[in-house]
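Just dropping this structure here.
Note that the chains take the letters A, B and C in the order they are written out, and that residue 1 is the start of every chain.
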Amino acid sequence: MIAGALVHLLPVAQIGQDFFRDRSDSDCISQNGTFCFQWAVDNFTDRYLPPALEHVALVAISVIAGFAIALGLAVLSHRRRWLIPPLNVGTGILYTIPSIAFFFLLLPITGRGNVTAVIALTAYTLQILYRNIVAGLANVPAETKDAGRGMGMSQRQLLWRVELPLALPEIIAGLRIATVSTVALATLAVFAGGDGLGQELVGGSNLTFKTGVILAGGMAILIAVFFDLLLVLAQRLLAPWRRVRPV
Amino acid sequence: MSELLPVADVISSFGDAFDFIVSPQPSPFAAGGGEVGGPAEVLDKLVEHLKISGASFALAVVVALPVAVWLGHRGRGEGFAIAIGNAGRAIPELALIAFTVAFIGLGFANVVFALAVLGIPPILTNTFVGIRQVNRDAVEAARGMGMTGWEVVRRVELPLAVPTIFTGLRTAAINIIATATIATLAGQTTLGDFIINRNVFGDEGVLAGAMLVAALAIAVELTLAGIQRALTPRGLRLERATSAAA
Amino acid sequence: MTRSARLRALFALIAALVLAFTVAACGDDDDSTTSEETSGTAIESNPDNEGVELTIGSKNFDEQFILGEIYAQALEAAGYTVKTDLNLGSEQVALKALQEGEVSGYPEYTSTALTSFFGFAPEDVPGDAQQAYEDSADEFEKEGLVAFAPTPFSSANAVGLLTSTQEDLDVETISDLEGVSEDLTLAGSPECRERIDCLKGLEDNYGLSFAKFTPVDIELRYQVLDKGDADLSILFTTDGQLAESDDYTLLEDDQGLLPAGNVLFIASQDAVDEAGPDFQETIENVQASLTLEVMQELNARVSLDREKPEDVAADYLQEAGYVE
């Protein structure tokens, strides 16, 4: 009660008349033009670069974690063959479930926030990569493995010195697919309370902002292309004996 | 806020979600106890989801399949077909929907068009690759037997390319179903309504929506797998082209 | 090159790319120019507040983001450690977040509080801002929540349409829609379906039925009119677009279904106790200049000029002299 009365006594700051902008002449932004180049240049570093970097971080962490776990599982099931059918069926079902649904199915387990987004993205890349690594290992020619054994290699040496390097192209193909998909999926992190480019795509009134949608969407595509090229480069460097197949 | 919740909570969350599907609940958020959920509402949104997905899928097939078959048969445009596949994969679904809302507008037709854009690349690429990968000897033999170009396509190339083509069709279908979920942002009340509008439907709604979309995807996948089995020529051992899989 | 040399090259390349990205990101930092001196009560940082952490929430549209940012930045200037959790959702979600302690407080409208939380009928919502404030504060107190003093401006839902459509249909009030509404599409927020000062009230109180109700994100409320996706849309009286353009018209609420409400900052009792008197004083101080014109200007800066809410809030605080 008293507080209410006090409000009327507080000195009201003078908001000068020049605070109110004159919007009578329309420019690109007020018309919501298709792409306001000047505005984009002025605002890019401030407004789109930070979310883009957050996006890169989300994807990088998730893919690396997913790859590590998938590799571990693949190596494990290489040794213990009986693991392969159940893991395959499991990941097969998960593979069919649309990434979007998958993301939200994990939310009750992991709550809201950035850590959640990473966990969901990691789980998603994990199941793609597991199947790819296993398939890659399965495609190593038997003669090559025999030759290795003939040379006196142990199981372990065979795996790390022969099978995995030969499976590398297929593994990298899987990595490329997983990474590009994860970039797209990470735009949804905003619905789980996470960071990334999703906020600038659909947050608040950004959904109607043409220039903003192009910038945010364009950045997402660029990030996907960037990672793709990086992986192609990695394959060229690490497994030069195989031509990089178009994936 | 993002610590792993105990197992009991997780199970009860899924239980709540199941309840949500099966019977109308008082909305946890609406004052005056408006009801949400329940089979009727689920069915409504499911039908809407199928309508949009079906229309876009049909459009994508009609556009992509003939073009890809023709290109594959003639052996032209390999770079183009592969590039389209790659490019299609890089499009974030949310960006596509945002683009549709900001530039084209809401409305059923607009969203169908946008979703079809997502469906075209996998169908195009996989069909092309499938046709190209058909054993050249078989094609030569067919021509030697006097078949016309169209007959070669219909009786040799297409049947032999069925697995690869269907991989593309299944990928496109799943992509479209997935993106129809976020088409809610564009004013289409699909199953995504439950997921996106946590406001109205609550956390159980979000989970229920995700479960329903997952179930729908699995159902569609199994259906298409069944159709594929029916269309695959008997007595032919076909290598699954895992490299063309998306 | 040997394998290990190639690996080194790859890592070097990655490092270079990361470095380039970081340099670009740490690029231009704009120095804001100081504004003219105005007679506002500048906020002073109180060292007692340093240990107190507050989380400021908001609902899910531009005006709420701006308010949330204004309060958050003001409290920071007062020496608190502030986090924001804006874009919580509709009023029910925000209230739940507050009750569960996820946020320390958020801005709510008296009209929304009375009709959506406390079951008031729209006609029972007091027209007098002070009375509405007292009624709301009493109700909130029963829930263990504290309502701070109201803002000068008030906002209401409104049924809006393109001026051209209004001329074609020749309607002035919402009641005029009777008999016409069956052919029209109405767009509103998803929760509008359940709210008495929205679709539910239009159907129950005005007795209107529409050809279709399209639930869309609040931020699309003008887009749907512009693109012709809906004939009618639920708008807000404080919208920047209304002040800046003649393209849109609001229908008169002749039956008083859509009451106006001032904004009250609602906080949990715990937060108020822990934070000390500066919490309430800062909030009430800093909102004192939010007249209808000012709020519309701030809204316009976000909706039309496409500025970020935090920048708009910062400019407001500076211009009014609360923050240097």
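As a working rule, contacts are C-beta pairs under 8 Å (C-beta built on N, C-alpha and C of every residue); 3 or more make two chains touch, one makes a residue touch a chain.
Fair warning: this is a prediction, and the values are worked out from it, not measured in the lab.
Asks: Which chain would you call central, comparing Cα centres to the global Cα centre?
Replies: A
Asks: Between chain pairs A-B and B-C, which one is joined by a greater number of C-beta pairs in contact?
Replies: A-B
Asks: As a test of understanding: of all chains, whose mean C-alpha position lies farthest from that of chain A?
Replies: C
Asks: So what's the Cα centroid distance for chain A and chain C, whole Å?
Replies: Once rounded, the distance between the two centres reads 31 Å.
Asks: From the mean C-alpha coordinate of chain A to that of chain B, what's the distance rounded to whole Å?
Replies: Inter-chain centre distance comes to 20 Å.
Asks: Please tell me the distance, in whole Å, between the geometric centres of chain B and chain C computed from their C-alpha atoms.
Replies: Spacing between the chain centres: roughly 37 Å.
Asks: Which parts of chain A, given as residue numbers and ranges, touch two or more other chains?
Replies: 202, 206-209
Asks: Which positions in chain B are in touch with at least two other chains?
Replies: Answer for chain B, listing residues that touch two or more other chains: 1, 101, 185.
Asks: If a residue has to touch 2 or more other chains to count, which residues of chain C qualify?
Replies: 60, 217, 220, 223
Asks: Chain A touches which residues of chain C in the complex?
Replies: Counting only chain C, the residues touching chain A are 3, 6-7, 9-10, 13-14, 17, 21, 24-25, 27-28, 30, 36, 38-41, 60-62, 65, 87, 130, 133-134, 148-150, 217, 219-220, 222-223, 244, 280, 284-285, 288-289, 291, 293-294, 297, 300-306, 308-309, 319-322.
Asks: Tell me, which parts of chain B touch chain A in their complex?
Replies: Residue list for chain B touching chain A: 1-5, 9-10, 13-14, 82, 86, 89-96, 98-99, 101-103, 174-175, 177-179, 181-182, 185, 195-196, 203, 206-207, 209-211, 213-214, 217-218, 221, 242-243, 246.
Asks: For chain B, which residues count as touching chain C in their complex?
Replies: Listed in rising order, the residues are 1, 27-32, 34, 101, 105-107, 185, 187, 189, 193, 197-200.
Asks: Spell out the part of chain C that touches chain B in their complex, as residue ranges.
Replies: 60, 89-90, 92-93, 96, 102, 115-117, 119, 187, 189-191, 193-196, 200, 214-217, 220, 223-224, 227-229
Asks: Residues of chain A touching chain B in their complex?
Replies: Touching chain B from chain A are residues 34, 93, 96-105, 107-116, 135, 173, 177, 180-181, 183-184, 187-188, 191, 193, 198, 201-202, 206-210, 213-214, 216-217, 220-221, 224-225, 228, 245-247.
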